[in-house]
Amino acid sequence: MPIRVGILGATGAVGQRFVQLLDGHPWFTVTALAASERSADKPYGETVNWRLETDIPAYARSMVVQPCEPGLACDLVFSGLDSKVAGPIEEAFAQAGYPVISNSKNHRMDEDVPLLIPEVNPDHTAIIPHQRQRRGYGRGFIVTNPNCTSVGLTMALKPLADRFGITTVAVTTMQALSGAGYPGVASLDILDNVFPYIGDEEEKMEREPLKLLGRCDGTEFTPAPIAISAQCNRVHVKDGHLECVSVALSDRTDEAAVAETFRWFTALPQELRLPFAPAQPVVVRDEKDRPQPRYDRDAGNGMSVVVGRIRRCPVLDFKFLVLVHNTIRGAAGAAVLNAELLKAQGYIGGR
Amino acid sequence: MPIRVGILGATGAVGQRFVQLLDGHPWFTVTALAASERSADKPYGETVNWRLETDIPAYARSMVVQPCEPGLACDLVFSGLDSKVAGPIEEAFAQAGYPVISNSKNHRMDEDVPLLIPEVNPDHTAIIPHQRQRRGYGRGFIVTNPNCTSVGLTMALKPLADRFGITTVAVTTMQALSGAGYPGVASLDILDNVFPYIGDEEEKMEREPLKLLGRCDGTEFTPAPIAISAQCNRVHVKDGHLECVSVALSDRTDEAAVAETFRWFTALPQELRLPFAPAQPVVVRDEKDRPQPRYDRDAGNGMSVVVGRIRRCPVLDFKFLVLVHNTIRGAAGAAVLNAELLKAQGYIGGR
Amino acid sequence: MPIRVGILGATGAVGQRFVQLLDGHPWFTVTALAASERSADKPYGETVNWRLETDIPAYARSMVVQPCEPGLACDLVFSGLDSKVAGPIEEAFAQAGYPVISNSKNHRMDEDVPLLIPEVNPDHTAIIPHQRQRRGYGRGFIVTNPNCTSVGLTMALKPLADRFGITTVAVTTMQALSGAGYPGVASLDILDNVFPYIGDEEEKMEREPLKLLGRCDGTEFTPAPIAISAQCNRVHVKDGHLECVSVALSDRTDEAAVAETFRWFTALPQELRLPFAPAQPVVVRDEKDRPQPRYDRDAGNGMSVVVGRIRRCPVLDFKFLVLVHNTIRGAAGAAVLNAELLKAQGYIGGR
Amino acid sequence: MPIRVGILGATGAVGQRFVQLLDGHPWFTVTALAASERSADKPYGETVNWRLETDIPAYARSMVVQPCEPGLACDLVFSGLDSKVAGPIEEAFAQAGYPVISNSKNHRMDEDVPLLIPEVNPDHTAIIPHQRQRRGYGRGFIVTNPNCTSVGLTMALKPLADRFGITTVAVTTMQALSGAGYPGVASLDILDNVFPYIGDEEEKMEREPLKLLGRCDGTEFTPAPIAISAQCNRVHVKDGHLECVSVALSDRTDEAAVAETFRWFTALPQELRLPFAPAQPVVVRDEKDRPQPRYDRDAGNGMSVVVGRIRRCPVLDFKFLVLVHNTIRGAAGAAVLNAELLKAQGYIGGR
């Protein structure tokens, strides 16, 4: 029996990806689309300014958009809400008993909310009972996925952290335009240019991986003791954030062992064969000039992270590139995989 | 009395910049254009595939291109030769008595050849007598300027090294397409993409600044004891290499002092009022999102390096951005300024 | 004695070009900058989101922005106002006695307002006394310049119309992003794309050239009897509208005569040596692949129109390319030249 | 029983598309890959510089590349050869008994070679027996598909020609970079630019549609009596040629009838349900700003032509946009559909 899902912020950039990715999902059926008042009561196909290259899925075209208020006929909600409004709306849904699987930043660093990547810290969902009790949420709860750049970085760090230990990370990003939503970056700001500032992005990258790679004892998170320095830039690419990473490891090793550690990494989502879990969470390219955004962003249907150019670093220990599809593994796809994990763990289901 | 100059490789990308920049130079008059056999004996305007936005200077249009062999009627030569052929040709000219002011990489790391940025190490020209003697060059000699990315990085490091000492540098670049010459990067390789590999570029960036910031005692160079790690990428920008830099300093300081150190830096070329010396070698932008290639690459007529976003680094000490116009300060303009310094120092002149 | 000018809409995209182009003008001195209430009472340098590659001119940086209301201390106003508000504001200024030299579309097709290109129809200013009388404007009046694409097309048509007569024109444009102002076109709409629709643009191109090439008897305009069909597209170019034109002529001729007619065309602004008049209104390029936006848009400091690829058309008579710098000759520069003509004709001066 | 096919020029841009598109084809199995001597005897995966976003199909990776000479073990050959060499090689294969399904321009206008679009002129294959006899080809023959821009234009003209008659066509193109092959257009030639010249392209567009829309009586082609004028430009788009078309029709009609004529057009490939035939050969978009290359090029898996912005033309009768995926329907996909038609017509099969 399918699980009924609603999408909050369904007309926005992330919301459109939810609508697209959930088309034909084996476990989830979209039964509610919700957006701001401007769109409410209109058929989705008439109110959305659809910005994806595939057509609007047939199922969504004539669904009537509802306001973002509890009462939606569904078993859980995905939130692609703008962070300006996401905070209280998500809380209201959780209070009303809905599991809220959010892509927004508002609750990511809350002390009782899991920041979740199923391949990295699936055990962090153990805090959900504590969250429910502390907030009086009943059946509802909030789970978040990280910022798009943090997902890519952390998925690459995880196998290294497990095997060698990580002490230090320096990362410089070249991020895609779709990360800024729509209309987002003005063409005049990026044509023949790099835009070397993304508000609050470096702070997120220096903070979120620590929670993700840290421990959860059921009532508290302990961040991992890693120093991270991030520099973030916007470049003239549609999709796919590319990250130049340097790491210092606790144990000594060599490039070949680093590559093999990436290549053979699998985790709970692969073991559980979750529908959105890529066969290889981390794909390693051996060519001297890969990964590249246009060629590699769709690896694993956009759910794999692609690593390449692994080499020694004269300052820290190793350097490599990481590529992540920012609107799939870095946003809507991340949330769908989170929901799949939560279902497998028994936190969500039909009601 | 003007100094007569020749340009080797005059039809190439760097050669064209020489032809453009030397138009109306107060000290130098172009009296010879030399290129490969394919172009020899033809009027420059008919054989060059001119790729700059300004028109071919009137003086050059009807000059007949000569072969790249000694015998050119000039007092010194600028070399914009392709590195595949530059090595022996430059040596032949030096042997024949010409000062060779080269942009090519071939002799940069030679133990008796100055790698020169007039604001950074003007005293390194003191090795010229030793070079002449050792190679039996008579009046001729070879002086080189660094790789385009090294120029920008080293000009930014110099004032910090002088005042605070530098121990460690990590740099990630986003480099312009003009750096690859013409035809250079295929449009299909860079449209909606980043190309994360530039052959030999990281090695140059990790090596050249050490020579530039090192010492010269008249017969030998001692590199500076700094660890540098570089990651180099090509992005969809026409001109202007942007570099994300982190540094560890020997002395403790703060962001304001770093900014002031950049801002007030001047050096010998400014003191000597060399024609191509920018009033401010390092321009500091205070906006949170500058420098940007399209807006800042022409600062100081493309001869200033532009710095911005100075902030603390959680891994090393400080992070900042550096922008350099890769074909002016990073190539032809660098060589012209080198020649100006050499004239001021008495190494070149009419003969 | 300099003529004092004000700029309405000084913080917008066209207004910024006025501020830039009027820096150092031999006849005009900017004495007033006016913009919307949001900017009023602030120093220009602090309120403008400056989007040009050159720095804000020193004269403008600390000028305090005033509201767009009569009372500005100047002898005429340039209007770069958004068409949503330009209509009544321009009328109010004319009513208050100011000559209004407008780039906005609102009054272009008014039956008593000149739509003016000094090289094309300088005699149309003869309707100004009629306009003043009809509208009770006293010393004030309104003069407009055409839409950016119409300027380029009409300047190329003018010499052909004079010499051979024109009956039919088909034109397809590839227009630059700066034509949409700032923020204008979203980067996601134009990356790896063409945007094949520009609101109201085709209508302007089919209508404005007829008024420009028509006659004015002092009280009435008679449009030229030409059929024009336009198709307008936005492409991934910063500045410079490129137009593919086909024309049918009344008289028979050949490609060489067409080229010579373009090449030797000059008009009243050249004769009067107006400061912004380019030496050659129409520049002809002989290469098989020119004009190109990046290489040719700055011809004549952006005030020349560049024509190329003149060849026979199997459907009409001749085909050729036209390039116009859309924000200089196509907007702010057009208005400045209009003001210069009006001064030369005695319609404006100090008061 | 599958038909065995070979690919000539398998390592080139068009050849790679053949390799990709034929992966899993229900009728055709690739049994031979042939390329220039440089690649011969090497595994395809090691010699090809693969430039498509999907990975090299598994079937092709280890196939050993053979020289482009008769003797290949297959029942027909697809030719993606460069036109510099295609002419005699294709003739040699036909002479040796191979049906040659070519994308190259060399034989397109031969008086006994069909220039074929299955939806437009499937009856033109009737000239094959005449070709065989005249050239002494035995079982072999040559069939060609048109130039990429001609395919799109002609597929849009066909339904109008059938229903209303066409007398005149004016077309301006904005063509994608992939049409120039790899490395093709230099990034410096197209960044912030339009390249307004494509060698021989306008001539092809003015000539090929006439043969396609003309008649074939079994021994001779009679071109359609239509005047066509083409202007061709390269723009900053990866895939998808956009064409601005104006047509004059023999019969009077209105926009709605034109749209319906496009929309309801189907032809023999749809009737025969050929594997590569799109359900709708011509897709009509009703939005005011479509088709756009990035959003519409993949319609019908890249085999549909997309039309939009149908409106009256003040010079001819109607204007509209046409978009064609230049490397699928405009090249490799066109040839595959041609082969499917020839199989359905009995001209090719196992041997």
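Points to keep in mind about this one:
Going in written order, the chains are labelled A, B, C and D, and every chain counts its residues from 1.
Everything below uses one rule, namely that a contact is a pair of C-beta atoms (placed from the backbone, for glycine too) under 8 Å apart; a residue touches a chain by one contact, two chains touch by 3 or more.
All values derive from a computational prediction rather than experimental measurement.
Here B-C and A-C were compared by C-beta pairs in contact; the pair with more is A-C.
Chain D is reached from chain A by a rotation of 180°, derived from superposing Cα atoms (nearest 5). Centres computed as Cα averages put chain B at a distance of 41 Å from chain C. Chain geometry summary: the mean Cα position of chain C and that of chain D are 43 Å apart. The distance from the centre of chain A to the centre of chain C, each centre being the mean of the chain's C-alpha atoms, comes to 48 Å.
In chain A, the positions touching at least two other chains are 191-192, 236, 238, 294-295.
Within the complex formed with chain D, the chain C residues making contact are 168-170, 172, 174, 191-197, 206, 227-229, 231, 233, 235-238, 242, 244, 246, 288-295, 308-309, 313-316, 319, 321. The part of chain C that touches chain B in the complex is made up of residues 53, 191-192, 294-295, 298. For chain A in complex with chain C, the touching residues are 51, 177-178, 182-192, 236, 238.
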